[in-house]
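Per-chain residue numbering starts at 1, and chain names A, B, C and D are given in the order in which the chains are listed.
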Amino acid sequence: MRIGAARQTYAADEALFETTVQRAWFAGLLAALVAFPFMADAYWLYLACLVAINVASATGLNILTGYTGLVSLGQAAFMGIGAYTVAVLEIRFGTPFLLNLVAAGLLAAAGGILVGIPSLRVKGLYLAIATIAASFILHFVFANWTSVTNGVTGLSMPPARLFGVALDTSFRMYWLIVPVTVLMVMGAANLFRTRIGRAFIAIRDRDISAEVLGIPLLRYKLMSFALSSFYAGVAGGLWAYFFRVVTPESFPLVMSIFYLAAIIVGGMGTILGPILGAAFMTMVPEVLKLGVGWLSPWVPDAVALLSPVRTIVFGALIVGFLVFEPQGLAEIWRRVRRFFHLWPFKT
Amino acid sequence: MTEGVAVTPALEIEGVSLSFGGLRALTDVTFSVAEGSITSVIGPNGAGKTSLFNAISGFYKPDKGSIRFHGAAIDRLHAPERARLGLARTFQNIALFRGMTVLDNIKLGRHAHMRTGLIDALFYFGRARREEMALRAEVEQRIIDFLEIDHIRKASVAALPYGLRKRVELARALAMRPKILMLDEPVAGMNREETEDMARFILDVKEEWGTTILMVEHDMGMVMDISDHVVVLNFGQVIAQGLPAEVQRDSAVIDAYLGSGDVGDLRRRLTGAAA
Amino acid sequence: MSDLLFLVEVSLAGLGAGGLYALTGVAFVVIYKATRVVNLAIGELLMFGAYLFFGFSVGLALPTWQAILLALVGGGILGAVIERSVIRPMLGESAISVFMVTIGLGSILVGLVEVIWSPDPRRLPEFMPNAPIFIGDAYLSPKVGYGFLVAAAVIAAFLLVFRFWRGGVALRATATDQAAAYSVGINVPAVFSLAWVVGCVAATGAGILVGAIGGISSTMGVFGLSVLVVVIVGGLDSILGALLGGLLIGLLEALAGSYLGGEYKLLVTFGLLVAILMVRPYGLFGTTEIERL
Amino acid sequence: MLVTRRTMLGLAMAAGAAMVAAPPAVAADDIVIGGSIPMTGVFAFAGVGIHAGIGDYVKIVNDAGGIKGRKIKYVYEDTGYKVDASVAAFQKLTSQEKPNFYYGDSTGFSKTINPELERNGNILMAGASFASELNDPQKYPYQFMAGPDYTAMFGVLLRYIQKTQPGAKVAFVHSDTEFGRDPIKPSTALAASLGLKVVETIVTPPGSVDVSTEVLKLRRADPDFTIFHGYVLAPIPEFITQARQMNMKSRFMGTFWSMDHSMVMKLGDVGEGFMGVMPYRYYYDTDPKAPMLAKIRQMRPEYQSTAYMQGFVTAMLFVEAAKRCVESGKELNGKNLKGCLNGIKDFDTGGLFGVPITVSGNSIPVGRVYRADMKAKTMVPVSDWIKAE
């Protein structure tokens, strides 16, 4: 909150962006998002699309893990459901892509509910392990339900079409992926201004007392599962349109761990967290590559270290943030902001 | 003031027994809470007071007996459904949600009375928006002002001092639009001044909102001051009930506290209350 | 060859592999019992142990028994370091945070192994008798057979230690009630360290055995996933559960692999996991926790 | 949601970097080979060799003056054998270097990037994957592979088996991955048509270490030949060890990626007699018909892997296609390059392939069966060069 920002109405106080300054920043961000594709080359556009897909999926996982307190290691598998749904619909029926994306989300949500059912009886860690089981079982389905998924070979699909234009480049996909992601992030932000979002947080903080305060636990846990997998499904659908090949090996367990890492690093239980985290974690390998490039004149075989170093950095980020900065990048960002708002009066 | 009024009691506990494994927590507990009264449950530590609260709010299922709310049995209802009927409560060891602001904690209390669905919530149009605005206005005007916590509405509950947290918990319970407000040790751990504040709030709730109050409390002074009816539990059984003054004289009550070693404490409190 | 003999041989092989699951499962349970940490890095710890042995025996060309001893010591030190540097700072944090820390830990261990030894698959030197074992007419792979015996011996040693050694008693006391253990003068942080040291030594031993059978690579941590199923089925805090769960999963995987096909192995184990979670969420021998308001 | 300065900053930096990263000084007429190379990760053992092979051949051509004076430029990025990293590398290299050729590191990548190749139209691609699926000029018009696909490799092995022991019993052991499953179905059919009996097909889950039950299954089937596919090393050694202990008479065979000399030598004693298919000659082959190997040995005195040969041959075919297009004055785009490549008839690879090659479709379906001689520590050819069609 900015100094001296007094609000006149409750509506203004409840708004997503509380001050004109914030609204201006948001407008600026939107403008930058619109301008970006015209300035960047294919590589940066590719990364931007990838970041956006990861933001969408991480935002979904954040609803479940960050806000509801249920750890899932199945996010990638749910993305798989979405990707296969989109691929099958696109190849067999050629239905419009928006419809396919919604179907992808809904089917993934159904999968999420199914996996979430054990949350009736088990909680926390057991549930996390159940989601690992789910991701293996789904992998088996993808690899062996040959009549639908074409087995291990997977499905190759045509691009999405919008008014007859094939969305077959990063530049064109950008205009599909980024708006959908922005909508999904806004949806999550809205959710936590209402009773449903509050119920999720209550379940995370103290699920037993939440129940006594009138929140049916199973229903809301399943709702959180469904919503988080809906996000994963849509993100998986976008992923399918972006890469246009879907195979069982496209969605491994490490990808689920990646999303978990993204929200940990970004900051769990905040809207900003998954955005920062997914962008950061997607960019880290690229940055490391640059670093190795710089080092290679001095360090022999620096290139050979890239992949293991990436693995180490990945793990170290998870551990480091959990131990030293459990609120993640979002909290660091808040501190920076506070510093500048008060500067130079107070440091 | 409610004694002798011939209406259906707000809450009737009838023959409720509860055990964990072989341990009997409650045995054949029977009493009723008159509409609009303040009823206090007292007893030594481990007498089963909190177990009784948990049974009423639906967290524990009694082995035997029945609980009626305004004449209708609620034994088959789950905790959230009981909350929706208007059974609101606070917790002995404060169960605020640390990840939310004071305001959101209070708003959470209204959960069961809101209709916003998932889709509404994601888009924050129509009903979601209207409901949230109405809730905010009501919480501000009826609860935050009333409990004098407007200065902390945006604060995180984790940072609040103990007394204020208790007050926020009361605020959240009030947001549940309670027909019966169950307070589990509302002034435990408070100093004299805070206790008096809380007692005033409780009386105000009863007077202004017409809410029936069922309370578990150790502070005899406060119990005797504001209660209309007192129920004494010991080893899970009701050993006495009646007007505060009657209970104070009851020999079984004094024995119970003697047996539990709390007698000196009780004497002090009783004399304090009488003085 | 008769079908019955085949069944017997498959079952023997399954039980043999189950012995290794059980040993790793015990390593997991020891850590969980004392510190309540669900250690998802158990597979990676096992892998790291196997590489330690590889480093001492092949890299430094030490005799096998020395290499084994040093690897076990190294595994113990690793456990102590992990406990002190990342687990202890997380004391009091939610179980889920600690759980995620171990996921990160697994990733770090994989990267370290690849930096030090490269990701190429390798074989461990032969150190177990190589003569085939026949039980009646049934063949049992010597490595699996001896692996099982070693695992059984180590587990037996564990059980004895738990029963009679002071440290073991302290460990059990801490597992039952941390606060109470503290109040009777047990040095709880030391017990935490001890549990991690013991757990990591056991994991290292299991890693050497597993590596001796199938060779080692930086991806052998997937072994830990089956172990996760083992301890869930057995109950997270039950050593007996880890034993029986290990044998059960080993047997089940062998039967599924031979009668349904290799692709069904994980499906069957994880299917069992889901079933157990639905029917007996705290495992066959685990303690149910009572919730309190 | 809050708008963040950091996001803005990131975007500004991204935009800035994009401008900085604009194409560096590439001489206009350079012919560029781009590569997503797995220098690290699980496939690094191959990637390092591939990288050296491509680099060496490019150096040889450039030292000899290039193609009509046009130099070859080889640019690459490490992928760690991850599809998303490969795609990122492709996007980066294509937007900055405008490559004419591209080397891809996996089947997944080859499939993923295919629509982009078709749209781009300027690049001819080959790679480390011998997946049968890619061997389809209709579906993958701008791709090829510098050797036989996995099905053709099985074809070579099965034909060899048919010749040495007609009517033999064969078992397939493969991993439960796309790589592992690739040739199994068509090869089962082929075996039947060759009069061989496929008595067992065993699938091992990825990453499995203990294969005791699988070996028992194999013993029950009692094959004369067992073909492994979809592995690099594990669990092949344990399979053979246990099979030997059970006195099984089966001979064991492998396909390209488990056939490198150094991998086979890791089998130790039990590897004696291990056979497999290899489209190229091994580094130490001193056949007078292979002058290129002598040249390679001169450049690199220490052993070079079969992956090196694969990279080397791939670069050779790239350059040959480019040369033919340049000589006939055709524009260097994907279509023309593929056309020029397919024009290659009876081409001598300096003896790397044992026979002159013709690239009619997307692959070069030729190979030879080698056997491991553990005492001499070499791979010994046991068959002639076999065409698998």
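The criterion applied here is as follows: contacts are C-beta pairs under 8 Å (C-beta built on N, C-alpha and C of every residue); 3 or more make two chains touch, one makes a residue touch a chain.
The structure presented is a predicted model; accordingly, all values stated were derived computationally and were not measured.
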item	value
Per Cα centroids, the chain farthest from chain C	B
Chain nearest the overall Cα centroid	A
Mean-CA-position distance for chain B and chain A (Å)	41
Between chain A and chain D, centroid-to-centroid distance (C-alpha), Å	35
Chain centre separation (chain B, chain D; CA means) in Å	74
Of all residues in chain D, the ones touching two or more other chains	40-41, 44, 176
Residues of chain B engaged with two or more neighbouring chains	59, 91, 95
In chain A, residues with contacts to at least two other chains	143, 208-209, 212, 304-305, 307-308, 310
Contact footprint of chain A on chain D as seen in their complex	1-8, 10-12, 14-15, 17-19, 21-22, 39-41, 44, 48, 77-78, 80-81, 83-85, 87-88, 91-92, 94-96, 108, 111-112, 114-116, 119, 133, 139, 176-178, 181
Sites on chain D touched by chain C in the complex	40-42, 44-45, 176, 202-217, 219-220, 232-235, 237-238, 242, 245-246, 266, 268
Sites on chain C touched by chain D in the complex	1, 6, 9-10, 13-14, 16-17, 20, 114, 118-123, 130, 132, 139-144, 210, 213-215, 217-220, 222-223, 253-254, 257-258, 261-263, 265-266
For the chain C and chain A complex, residues of the former touching the latter	38, 86, 89-90, 93, 95-97, 99-101, 103-115, 118-119, 225, 228-229, 232, 263-264, 266-267, 270-271, 273-274, 277-278, 281, 291, 293
Complex interface listing, chain A residues touching chain B	1, 10-11, 13-14, 187-188, 190-191, 193-199, 201-202, 204-206, 208-217, 223, 227, 269
